[in-house]
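Right, one structure below, let's go through it.
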Amino acid sequence: MTLDLTVKIGNLLLKNPVMPASGCFGYGEEYAAFYDLSCLGAIVVTGTTAEPRPGNPPARLVETPGGMLNAIGLQNPGVEAACEKIRRLQPYKTPVIVNVAGNTVEEYLQVIKVLEREETVAAYEINISCPNVKAGGMAFGTEPGTAAKLVAALRPATSKTLIVKLSPNVTDIVAVAKAVETAGADAVSLINTLLGMAIDVEQRRPVLANLTGGLSGPAVKPVALRMVWQVSAAVNIPVIGMGGISNAEDAVSFLLAGASAVAIGAANFRNPTVCPEVIAGIKDYLLRHGFQSVREITGLARTEEEKRRRAK
Amino acid sequence: MTLDLTVKIGNLLLKNPVMPASGCFGYGEEYAAFYDLSCLGAIVVTGTTAEPRPGNPPARLVETPGGMLNAIGLQNPGVEAACEKIRRLQPYKTPVIVNVAGNTVEEYLQVIKVLEREETVAAYEINISCPNVKAGGMAFGTEPGTAAKLVAALRPATSKTLIVKLSPNVTDIVAVAKAVETAGADAVSLINTLLGMAIDVEQRRPVLANLTGGLSGPAVKPVALRMVWQVSAAVNIPVIGMGGISNAEDAVSFLLAGASAVAIGAANFRNPTVCPEVIAGIKDYLLRHGFQSVREITGLARTEEEKRRRAK
Amino acid sequence: MQKKKMEILEHEQLADDIFRLKLAGDIGARPGQFVQVGVASTLEPFLNRPFSVHNCTESSLTLLYRVVGRGTRLLAQRPKGAILSVVGPLGNGFPRTKKRQAVLVAGGIGVAPLYYLLHTLRAEGKDVSFLYGTKTAAEIVLENEFRSLVQEFHLTTEDGSAGKQGFVTELLPQVLAEKQADIFACGPSAMLRAVAKIATQMDLTCFVSLEAEMACGVGACLGCVVTGADGNYRRVCTDGPVFAAGEVFSFDS
Amino acid sequence: MQKKKMEILEHEQLADDIFRLKLAGDIGARPGQFVQVGVASTLEPFLNRPFSVHNCTESSLTLLYRVVGRGTRLLAQRPKGAILSVVGPLGNGFPRTKKRQAVLVAGGIGVAPLYYLLHTLRAEGKDVSFLYGTKTAAEIVLENEFRSLVQEFHLTTEDGSAGKQGFVTELLPQVLAEKQADIFACGPSAMLRAVAKIATQMDLTCFVSLEAEMACGVGACLGCVVTGADGNYRRVCTDGPVFAAGEVFSFDS
């Protein structure tokens, strides 16, 4: 029996549903030392802005129970220099998704304009949810109207796949998801980090220089899974699920909840070979349960639940 | 040197700033087997409604990385039967705070009306943030206007201390906190649980019968701490901080972030003597750092941070 | 009811995935009660794990457990000399009954609390019949000790690799037929239901020990409820874990 | 650079809170490189912990670490025979330099990587002076081995309980005065700064090995940056952990 792991996200056909999460995989080269990146469904590179950004001062990270806070602050070399790094990913023949960030609609547009020239770039993940920069970022992601306006402005600028990355720091993530769907997004990805904080009790000060940071890792998985469940029920575009995935079982639970693909962030730091291990584990799960395509399990927990409820 | 552990919350003078979190301590009797409850700053009893509630069907709980999800669904014997249980706490001579829940303003009012007759009841914690019941609960807590209306309606019904328990499942918790302050709350407590979910991949269904549940435990601590930091900077009433506290260091970090007192929830399940251990540990911290009153450290991380920023 | 730090005195594997853990100290438990054990000092896994008291003396507490997931896997790695945090004794335990004969029905790891009950009943001079069913021979523990202690012993395995092939409940009617006995059962929910049904049909007193996911173990969180025969919820940790069969199972008859 | 499961061959306490851990397998590291170690299989603590390579052969990797918090406390509990997940070798390592003389300055647990460097330099036939400072005598490790290997050995403790009382940097100018040496230092940040300052004043080449909280250890997360002398950020994990002193310290002169 051949197993079909392919999934479609907008125009992209991914050979499997597993990709690293933005900001956790640099521009790919670091993890190329551990395995052949061409095994990945896609390569998602770090948040990229129009101009180079130095990022926040240290300390930028702190471990928390079952996770970590980061306040990198979108350090990146700017889109022009990023292009060079991205080109180096071309030999892997794997779709490259560039995470795009900015403070204004114009900045987002500018990044896309430059990346449009790059053949290696297959899709954009529009980051409207970075909690670690002052202006912009999360500001776009917390209000459905603002999010929709941004997406509507970007949509005409490209025919490449447009993924919008949602913030979990909202009362109603479904409203934001629907708004960006209507505005032309091909897919949504969620969740970005939860806004959090740590305090050093001996020094009596926030641990992070930025005071607050973004929480990720296994600790946030239940929140992420709930949001994927809610959003995938409400939109007709594919959902890329992430937040706390650290093994195949976690990944499968996101697919069952309604995700078409998954991204793995902080777990790469703990286990640099987590992505290929998750791919293998998903295969294993499908075989063990007699599925022929990974697409069969997207949303299966919900459809089966609905069946049960109707049967009652 | 004598150490002053007392704190004031509205009209209440607590002998120390440590109390159990509502729903995690029943009506107190269970933990009386482990230690003398009179050591607590206050006793907070479970969410109480006008009528008896059976709660949600099982499964009601599931462990998650560094925490747990619960979907108890406010099981309680109703306010009349609760009164009897509450009276049994009288010998401890410790303020009893009753967590009040309802689906409508009238239901909240009805609970308070009955409890007004009870001398043992020192304060109300108005639960506008329970994620596990269909109507009401969290609905009141996600919109500042609705929250304020509820509090304004309850305020005239009592001269006892009115604490409002805030939901973390919002874009802007500060707005809700300010709204309930203006409406007459004597204090706010935060955070209630984060809405989350778990999926059983073998059975391909949500683990909880209620589908979603409330996340608590160490996993949520960074989010809770950030919200306490933000809210305590914005309101002039005391903040009771909670969310993931499992030892004295955690408790101190909430005080430093701006909480006047702290509540301990899920950690009681792991360690039934956590509350007295945290009280001892706070004392120890104060002594070690030469503080004379626990009130000196409320918000100290912020005031020191502001000093540093101004000095720059 | 107390929280205790207890040292591991012995920790041995008795069968496939089944370990016996002996801890130093007296917890003062009755048969059918349980303890909550902190399986690791790390914050993940977060919750304690409930285990029946397998034996209890003035100087030691013994548990018998099967490795089924994260927590039990971590527990199995704790070496002799390690200190565990133990909360207990918890729950109601098996009630004392008057009949001189008792039939104990153990399914799989459900054998854990029945060992302690068996010893207690024998010390009280009662006649005990012991029915023990497992999936396969590789899971059987303490068979010789059981045989030596009881009046009647029956073993079944689902795959027939030891004892009689089939479910332990298939033997139950004939074992009961010959005597005037109370029934005490612990095992998977489906087995308990079958035992309860037979007991109801034969109008015999039957106690079952249930399991549920637990958080507090002391009745405070209301997380461990099961639906009773009357439709009301019962806490397994404090209303149980031992229930009269009729309280938690109902049969349309 | 690889992820390896490595078995604990030896695990012994050498001094107050200081442990030496020997793992089976070849990681192929140069002096000054480090590894990321999974201290527990549980999801808390979540991140790996970075430790310098204390020694490295074709069959083993040795770490020397101080227990300072949760992760190292858990690590210290792992028994012989346990399997650890190790990622490495990471970082740049100490550069090879041309001078025939080297001065190594170790502060506290900073001694860990300098042991490996010392062995390598001696194998290359270089003259090594070793300055070793700790807070108190109870923290000193491997003193005899150091003495036997080096041309010149100086010990200081802050409390005077062994060696000369004071900071190790107080001895440095006079040790350097007599020779033409490159400096290699590892220890607390304040000490490294003091060493760097002396080196700058004397116009000598100096390399310092830095620490920072790390997540990935491979340059991907940008979490471990320090501010360089030019105001730009540098990743400790891949741009370092070894830096030319002037790259990370600046002195208004």
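Every chain is named by a letter (A, B, C and D) in the order it is written, and numbering of its residues begins at 1.
By our rule, a residue touches a chain if its C-beta (ideal position, glycine included) is under 8 Å from a C-beta of that chain, and two chains touch if they have at least 3 such contacts.
This structure is a prediction, so every number in the text was calculated from the model and none was measured.
Among all pairs of chains, A-B has the largest number of C-beta pairs in contact. Centre-to-centre separation of chain A and chain B, using mean CA positions: 33 Å. If each chain is reduced to the centroid of its CA atoms, chain A and chain C end up 46 Å from each other. Centroid to centroid, with C-alpha atoms defining each point, chain B and chain C lie 37 Å apart. Averaged Cα coordinates give chain C a centre that lies 53 Å from the centre of chain D. Residues of chain B found to touch two or more other chains are 64-67, 217-218.
Within chain C, the positions touching two or more other chains are listed as 43-45.
Contacts between chains leave no pair untouched here, as each chain touches all the others. Residues 43-44 of chain D are the ones that touch chain B when the two sit in their complex. On the side of chain C, the complex with chain D involves touching residues 40-45, 74, 79. Here chain A touches chain B in the complex through residues 64-67, 69, 142-143, 169-171, 194-199, 201, 204-206, 211-213, 215, 217-223, 225-226, 229, 244, 249, 252-253, 256-257, 285, 297, 300-301, 304-305, 308, going by the rule given at the top.
Against chain C, the residues of chain B that register as touching in their complex are 23-26, 30-31, 33-34, 46, 54-55, 57-68, 70, 72, 75, 217-218, 246, 266, 268-273.
Within the complex formed with chain D, the chain B residues making contact are 65-66, 218.
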